[in-house]
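The two complexes that follow have chain A in common; it is paired with chain B in the first and with chain C in the second.
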Partner chain A sequence: MTIDLSPEKVYPVVSALLFAGVAGITLLGAVVAASARRLVYSVSGLALSFVGLAGIYLFLQSPFLALMQILIYIGAVCVVIMFAIMLADVVEEKSARPRALLAGIACFLVAAMLAFALIVLIGRTAWMPKAVQVNTGAVQDIGRALLTRFGFAFELISVVLLLAILGALVVARTGRGNNRE
Partner chain B sequence: MTEGMVMNLVRLLLYLVGMIGFAAFNAAYLTLLERKQASWMQLRRGPTEVGPWGLLQPVADGVKLMSKQLLLPRDVDVPLFLLGPIMVVVPPILCLVTIPFSETLVARNFNLGLLMIFAFGAISTFVLMLAGLASANKFSSIAAARIVAQNIAYEIPLLVIVLSLVMSTHSFNLHTIVDQQAGGFWHWNLLRLGTNPLMPVAFLIYFICLLAESNRAPFDMVEAESELVAGVFTEYSGMGFGLFFIAEYVNIVVGCCLATILFLGGWHCPFGLLPGLHWFLIKMYALCVMVVWVRWSFPRTQFYGLLNLSWKILIPLALANLLLTAVMLKLF
Partner chain C sequence: MLNFFTQASHHLGVYLVLGALLFAIGFFGFCRHRTLVGMLVSGELILAGASLNFVAFGRFLAADPVTGQIFALFIMGIAAAEAAIVLSIMLAVYRNYRTIQTRDLKEMEG
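Let's turn to the complex of A and B:
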């Protein structure tokens, strides 16, 4: 028996396997993040999940988003969360009590409902036809879209960030003043 | 299987082996360079026993590290502790994939190569911190906290400088960036004063950030052997410890390659003669020698000095540079 290894046969299989791998990593990371007892593991799971998500972006032919996902979410967000955990000095309970069964069931129900609703929504949405999508997620197109079509949202986000910086400064200032007195 | 696919697979494998070999060779012989140069600067002789002029010293070091026991201290968080050294080596080696060593010698000419290198660089910060936390050691934890503060502080000026460079090159593709600098040394980005008169300052800021991001003296707060035993690496033994050092040297190589590509014209000759791989390597290793030179010339700074340098001097300068580039681009 000869196996047909022409590109038309091989590439769909390879891409399906890649997608399964990437989606698997995302889910695995999410499960670790949600179920781990120690916060360090939760953050690591979150980072793993972000890597998987970056893979999905890459799979959707948008390498710019994939790289930004790694640069910002792992390089900044995860690191800062980890830093906060270190500073807060969380007392980690090694032998934590078994989680309440009722709470677990309730959580599962809520999550299942959310997932169901999302799946229904995905099924009903009229997706854009492929040709209309921004071409291969090129940086120039994203930049143009951000500064023209989504200009308002873009500016609003910068205002939010400015407020966050000011808030951090205020908190830090008062803390220092109290120490001196 | 068609001819093209086989060729692609062979090419992939060859580049994979080549990248890992290049990384390992550099890690081994940059340690020797470091020791030789240090001894030269301190009027000593350095390693001389193993092989002629100590040239086989890295091999001996490698054998020694591999034959040592891998200790797992009692309170260590085993999975994260073991994952640390492995994950810290992978990103810098992956970064080598997109670096164009010459006109034709590049594993993957990726359109967003520049961005990719910074994205993977960000991963190694996270992994170093995990390794420090997993060690269950006070010195390691302090070092882990320092890594975060230091790398966040220096990533900002670094990215802003690179951003202003990208504004004048209009491309994230490293190959294209080098191509734009063809001709004599006056075409290099370092001296392209027409688009940005502050270019040499930008290069200086890039170099300082390179030292800080790869945790080299005078900014080696991560290791700081006089304060923190060996910082993050305190609990690691044998090749686990060795892998951190391989990662450090490969990081230096990647940083120097990037400096060569962004500012020094990549594989182009300063006088427009015989462009090729050799020019790239000459420039890259000259920068590596400079990195070692800085390490043995300056004492370690204090941690506050380190953060002040970034937040009070480098970031305002980098932002001014960005603004100036924008203005120049708009005017001319």
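Let's turn to the complex of A and C:
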């Protein structure tokens, strides 16, 4: 028996393996982020999860979103959180409370029920039929939409970011001023 | 079985289940973590699940696939702003209390 190695046979399998890989990385990173005891591991798990999520975005035909995911989330958000951990000198929580284990089990049960209910709901819902798509969602289309239909929201979000930066500076400086008095 | 496996990346439901799992894991972490940084990390997971849902719906069901991607981009912007604010608040809290364990932050002064 010879194995058929023509591209038509091989590519779907490779693609499916890649998809399973990125989905697995996403979920594994998320589990590490949610359950790690040390916050540094937690943030590393978050970064791993976002790498996987960028891969999933590639499978959803959104390469621009995948690149932004890596650039903004891993390059900016995760690094900033890591800096905050180092600045604030976070001491790890040592299950000081006697019922910490019980609380953890309760959290897990509630989250598992939530996931189960959502998955059942997804399985039961009859989604509307696929629409005829007016474009392919390529980078050119995103740019055109951002500067025409979503122009106002685009400008608003830059104002929000500016205010957030100014607010962060003010809040962080105020504490320092109080300390000096 | 093999057919479903090779076609998994073309089904809407697979992405929705992934988003639901991300949300549930984030919720678990949000309840479990006892520091503000841990809760921020879990909140980012919840946001990631939400934006995965938006992109999946935009890719499969919307007439204009751009909308889902742009909504996810806006979520990224909001999440970045939120992270900056939360971290500066955290630094201010740490300066006053010398801790960011949620358990110890139970005193309010008006």
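Everything below uses one rule, namely that the second predicted complex is superposed on the first by the 132 of 181 C-alpha atoms of A that agree within 3 Å, B and C clash if a C-alpha of one lies under 4 Å from a C-alpha of the other, contacts with A are read in each partner's own complex, and residues count from 1 in each chain.
Here is the rule we go by: a contact is a pair of C-beta atoms (placed from the backbone, for glycine too) under 8 Å apart; a residue touches a chain by one contact, two chains touch by 3 or more.
All of these numbers come straight from a predicted model, not from anything done at the bench.
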item	value
Contacts of A:L28 with chain B and chain C, given as first, second, both or neither	neither
Touching partner for A:Y57 - first (chain B), second (chain C), both, neither	second
First, second, both or neither for A:V10, with chain B first and chain C second	first
Touching partner for A:A47 - first (chain B), second (chain C), both, neither	first
First, second, both or neither for A:A172, with chain B first and chain C second	second
Contacts of A:L67 with chain B and chain C, given as first, second, both or neither	first
Chain touching more of chain A, residue-wise (chain B, chain C)	C
Which of chain B and chain C A:M86 touches, first, second, both or neither	first
Shared contact residues on chain A - chain B and chain C	64, 68, 76, 80, 83, 87
Interfacial residue positions of chain B with respect to chain A in the complex	1-2, 4-5, 77, 80, 110-112, 115-116, 118-123, 125-126, 129-130, 133-134, 141, 144-145, 148, 151-152, 155, 172
Chain A residues touching chain C - in the complex, by the definition given at the top	12-13, 15-16, 19-20, 23, 26-27, 30-31, 33-35, 39, 42-43, 46, 49-50, 53, 56-57, 59-62, 64-65, 68-69, 72-73, 76-77, 80-81, 83-85, 87-91, 93, 96-97, 103-104, 106-108, 110-112, 114-115, 118-119, 122-123, 127-128, 130-137, 141-142, 145-146, 150, 153, 157, 160-161, 163-165, 167-169, 171-172, 174-176, 178-179
For the chain C and chain A complex, residues of the former touching the latter	5-9, 12-18, 20-29, 31-35, 37-38, 40-42, 44-45, 48, 52, 55-56, 58-67, 69-70, 72-74, 76-85, 87-92, 94-96, 99-101, 103
Partner chain B, residues of chain A touching it in the complex	5-7, 10, 38, 40-41, 44, 47, 63-64, 67-68, 70-71, 74-76, 78-80, 82-83, 86-87, 139
